[in-house]
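Encoded as structure tokens, the structure appears first; notes follow it.
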Amino acid sequence: MIRIGVIGYGYWGPNLVRNFAELGRARLAAVADLDPKKLDLVARRFPAVKTTTNYQDLLSDPEIDAIAVATPVNTHFELGMAALKAGKHVWLEKPMTETSLQARKLVDEADKRKLILHVDHTFIYTGAVKKMKELVKDGELGKMLYYDSTRVNLGLFQRDVSVISDLAVHDFSILDHLLGEQPNAVSAGGINHFPGTPENLAYITLFYDSGAIGHVNCSWLAPVKVRTVLVGGAKKMFVYDDLQPSEKLKVYDKGVSFTDDPAQIYQMRVGYRTGDMWAPKLDEAEALRVEGEHFLDCIETGKPSMTDGRLGLRVIEVLEAATSSMKARGETIHLRQEKAL
Amino acid sequence: MIRIGVIGYGYWGPNLVRNFAELGRARLAAVADLDPKKLDLVARRFPAVKTTTNYQDLLSDPEIDAIAVATPVNTHFELGMAALKAGKHVWLEKPMTETSLQARKLVDEADKRKLILHVDHTFIYTGAVKKMKELVKDGELGKMLYYDSTRVNLGLFQRDVSVISDLAVHDFSILDHLLGEQPNAVSAGGINHFPGTPENLAYITLFYDSGAIGHVNCSWLAPVKVRTVLVGGAKKMFVYDDLQPSEKLKVYDKGVSFTDDPAQIYQMRVGYRTGDMWAPKLDEAEALRVEGEHFLDCIETGKPSMTDGRLGLRVIEVLEAATSSMKARGETIHLRQEKAL
Amino acid sequence: MIRIGVIGYGYWGPNLVRNFAELGRARLAAVADLDPKKLDLVARRFPAVKTTTNYQDLLSDPEIDAIAVATPVNTHFELGMAALKAGKHVWLEKPMTETSLQARKLVDEADKRKLILHVDHTFIYTGAVKKMKELVKDGELGKMLYYDSTRVNLGLFQRDVSVISDLAVHDFSILDHLLGEQPNAVSAGGINHFPGTPENLAYITLFYDSGAIGHVNCSWLAPVKVRTVLVGGAKKMFVYDDLQPSEKLKVYDKGVSFTDDPAQIYQMRVGYRTGDMWAPKLDEAEALRVEGEHFLDCIETGKPSMTDGRLGLRVIEVLEAATSSMKARGETIHLRQEKAL
Amino acid sequence: MIRIGVIGYGYWGPNLVRNFAELGRARLAAVADLDPKKLDLVARRFPAVKTTTNYQDLLSDPEIDAIAVATPVNTHFELGMAALKAGKHVWLEKPMTETSLQARKLVDEADKRKLILHVDHTFIYTGAVKKMKELVKDGELGKMLYYDSTRVNLGLFQRDVSVISDLAVHDFSILDHLLGEQPNAVSAGGINHFPGTPENLAYITLFYDSGAIGHVNCSWLAPVKVRTVLVGGAKKMFVYDDLQPSEKLKVYDKGVSFTDDPAQIYQMRVGYRTGDMWAPKLDEAEALRVEGEHFLDCIETGKPSMTDGRLGLRVIEVLEAATSSMKARGETIHLRQEKAL
């Protein structure tokens, strides 16, 4: 029985607490939060769980195996590092840290101590993303040509972080997971329409060695909520609409083909292929539950998480690059030397 | 009765010919095309219309008042200039010319000769864009904060011009019309997935002195057709979906408001305002017909067209900047010095 | 402080319990259920609430003012009558009773004792239905011409009651509320595709003295979930789609008009009027909470509930007629003599 | 080369004329209409085609093999019979005749003379209906359980015929084609909201020996246009939305299954099966063209049309029954003795 402590019972913490409490194989041991009123809530709902305003109590508790950190991002590094140094496996909310340097240090510390370092990029554990990954891996999609996400709605404006940190970060993690490749360059345009607030709208383009291109359109200032991703492959294409109650993922047997027919030498020699559309049945298990089970598996087997610190770090690197580009009105930021193709 | 000659009876020419033939106030006088077989088609449908393989016949015909040019873009400058020099009013298909230099010369020539120079940016004459313009002009929208267009579908791949010239150019003209302002900088990312072909997918971000931001996502390689524009204003927001059979334009009484409530000093002090949605009845007259009437009005009154050579030129300038940025993997191209705000 | 007891903690009971517990003006006093395990759940969640397996304990408790009955429908009459005879106000789940005779007896008993008898037709308290009622009442809709509901999905098949009792009953209550008129005749076709089970699909048509016509298409065997109501009025029309996350109610300024123009004597002399569409902002308060407050208001003021026993009775009468017609393969059942128009 | 004459150049006639003119294997020989102005239109568009105001000219022309009748329905019988007696194959617009008696006489006459008698139920020749028929025939759907159509819009009100004749007749033909079975009973409710006009809204339920049930909701007075058919089968289900530009037909791998598990004896023992959804690629050929080719095939081979006079007759019988039921406020009309199951 793996024993888990949770630090932070604010916006997302209650979901983690509920989730860990419901996983049969783990025991929710303790919850820490600075606010005693929030701890009262925990105590009422989960009388058997210890509560404390001092997170050190969790780190020094030898019976606790793993620590989940659901505090504001500016405390992730300090709390994550302290937990690792206390010999605990760590679950960090996204985004992993404020800087890539912090993320790298956490990765190194976890490696050194052979501890699991998991970042909560929940989307990776949804039925739709799992199915897309499967279709990419099996070669059904063919070479990925583009990934194009629109992730907009009205609110919630955040105080500390831009819309990129809040929304685009989901796409950065999905892209990393699907492509298995980090962009070599990023260009982003964004704007804060209201002085003194973070950017509330951003358009980010990501360039890849493989020739794929990624794009994320994210906004807190749209009249309607949209969560749509188009993915184009050499063989098939996806439309992934996360707002649909069913048929979230549609697979289109569509594409273009080029001919060498000399008779068409003056034309584009492009043929269009359109076939059936298919909406595969998706795993409907709650993503957070799937993710929780995976975290426990990782602890038990010692194998790295699908969304381990390395993925978390890569996401932070893309986030930093996108933010820098946005601040520079779209100047392209190179993450590294582009490989010759 | 204004007499009109049309040069070019290829892809778009037949629409122009039909349209001018149906306008009661004008007479379709002659059609020129290099291909005699196409002229046969014209002769059969419009027995009274002269046909010729030599466009000079139209220019030298003293009874012709205006020339519409519907040939490939690389001939627009030569034909347009020749027509102006022959004293004819000119209707040019979009994009106006291959380069902004050519466009500027046409504008100057038309000015000098006091002739109408009209560019066929048809979208400006649709019921939806006319209604948006009206709501912008009347102050209903409030200060425009962003314009965000998704204009994608599968095909038709073009041989000579990129997807920006083909699709994004519509948004450049609508943006110019709605905002009355040219961007000061443009950043674009795009890709040609198939060597030797023009870019088939592009993401363009446009920056404006007023603080507005524009964005166009255009592609020939999407599994589904999308023609959706989101426009955010300080008072209202639009969703314009050109694929809807009705209710193409929806006006949302939504937005954010900022308070100075000191009690909220540590929060974002953002309030969300949501009210009714309203889909105004739109003028359902065919845009090309409305545009044709407008062209005749301009000839009769001497007033410049809503989509005159100046607008056409500004669109070409944005197109050039976007293309340059795309070739440079997103490097920001400044159209001019950004004004101090 | 009104003290409330709830009988039945099965499918819907927990919602009632939670709702009454959250209403500031009432106190949830006791819960009865035959199953001690369910009572354990109550005790854990609401330690201050009494629990009992004997509902008589609630009826004989002088401190309890009102009883909510959320048991299977075949116990509604017995429990409701006992509660009324014990001097308690009563909240009954829908459908009110098994027969109209039972419903009538409950109405009479409540009248005699001047007690509130409320039937839980929750839809009446939703923002969309409230707005429709308002627009009908204010004359915005004009004379109601038809009400046409499609209410279908896959499952849940029920054991005891047909799809009419389960789904169409919602429309019967909404129709009664909007029209303020009971149908004079009902015709229904339905089918049980699986022997030994209740009808899983039914089509019901309702005829009204006012000339309005109602129609309900309900099914447990549809591949997709649909909750759409079209309402036609002499001035406006509604589309009410309960599955939309926003803009559930759309008001169309559309209709037909007839002319007496003799020039059109051989034509239909019908003109079509189409104007704006408008999606009013709806009250987003939870319907059950609104309904709970209304129930408390009724108890305090002595005024009958919007969904009182009389409405519940009328719904049962329509339900009986529809069921009879369905059993007779569509034979029209007259609820009463049709009035001369 | 089959030579065809068309009688009637009003609303639908021009489509027939264009279609026959474009079929390579046939020759459009002559067009008759009472209105010389309409014949002028024909002459201008098709100079080689004979025109006449006297349809007898077509019947007496020995070079004409087949006659298409596109006149008002009250002339179908007379013209169709005259054409058959003149030894011509006949194409009749839908609905076939005013009465089933007339239809039966035409069927008999065609049989006697071994002539093709074809009724223009165009929907049968669309890609979507052809694919549904294929999936029914191959057993993919399983036993058909229900067919449920919503076919509503605003206008066009007709002068002579009710909405059932105008709209529901399409579903009657599709149902006949898919099920291969005529209903044994029909119940319909409908209304004419405007005195002196035909019924503008109707709800029709059809009962079948096989246990299937059909339903058609048709209206000229709806605020939105809907063309949606749900079909439930024992193995699969269809959603056919004719207004979608693509993916008109969706095939759901959904259904219910019943178990004999004694542990579930007190429950409904119903399981829900949900699997993939699949939108097959449909034949995009114009239905009228496919139908025209089929008519020519029938003439050449002597085989009856898919939509022959017998199908046309069965549709008229259902139409008569539905109309009678509607006039009687839903009284069930039995087309024949229901077979014992």
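Letters A, B, C and D mark the chains in the order given here, with residues in each chain numbered from 1 onward.
Everything that follows uses one rule, which is that contacts are C-beta pairs under 8 Å (C-beta built on N, C-alpha and C of every residue); 3 or more make two chains touch, one makes a residue touch a chain.
Keep in mind the model is a prediction, meaning the values are calculated, not measured.
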On a CA-centroid basis, which chain has its centre farthest from chain C's? B
Kindly point out which of A-B, C-D or B-C repeats the A-D interface, defined as over half of the contact pairs being the same residue numbers. B-C
The distance between the C-alpha centres of chain B and chain C, rounded to whole Å, is 53
Distance between the centres, which are taken as Cα means, of chain D and chain C, whole angstrom: 39
Chain B to chain D: how many Å between their CA centres? 44
If I count partner chains per residue in chain C, which residues reach a count of at least 2? 224, 246, 274
Which chain D residues qualify as touching chain A in the complex? 247, 253, 274-281
Going by the contact rule at the top, pick out the chain D residues touching chain C in the complex. 145-146, 148, 150, 152, 154-159, 185, 187, 189-191, 193-194, 197, 201, 203, 205, 207, 211, 213, 215, 217, 219, 221-224, 230, 232, 237-239, 250, 252, 254, 256, 258, 266-268, 270, 272, 274, 325, 328-332
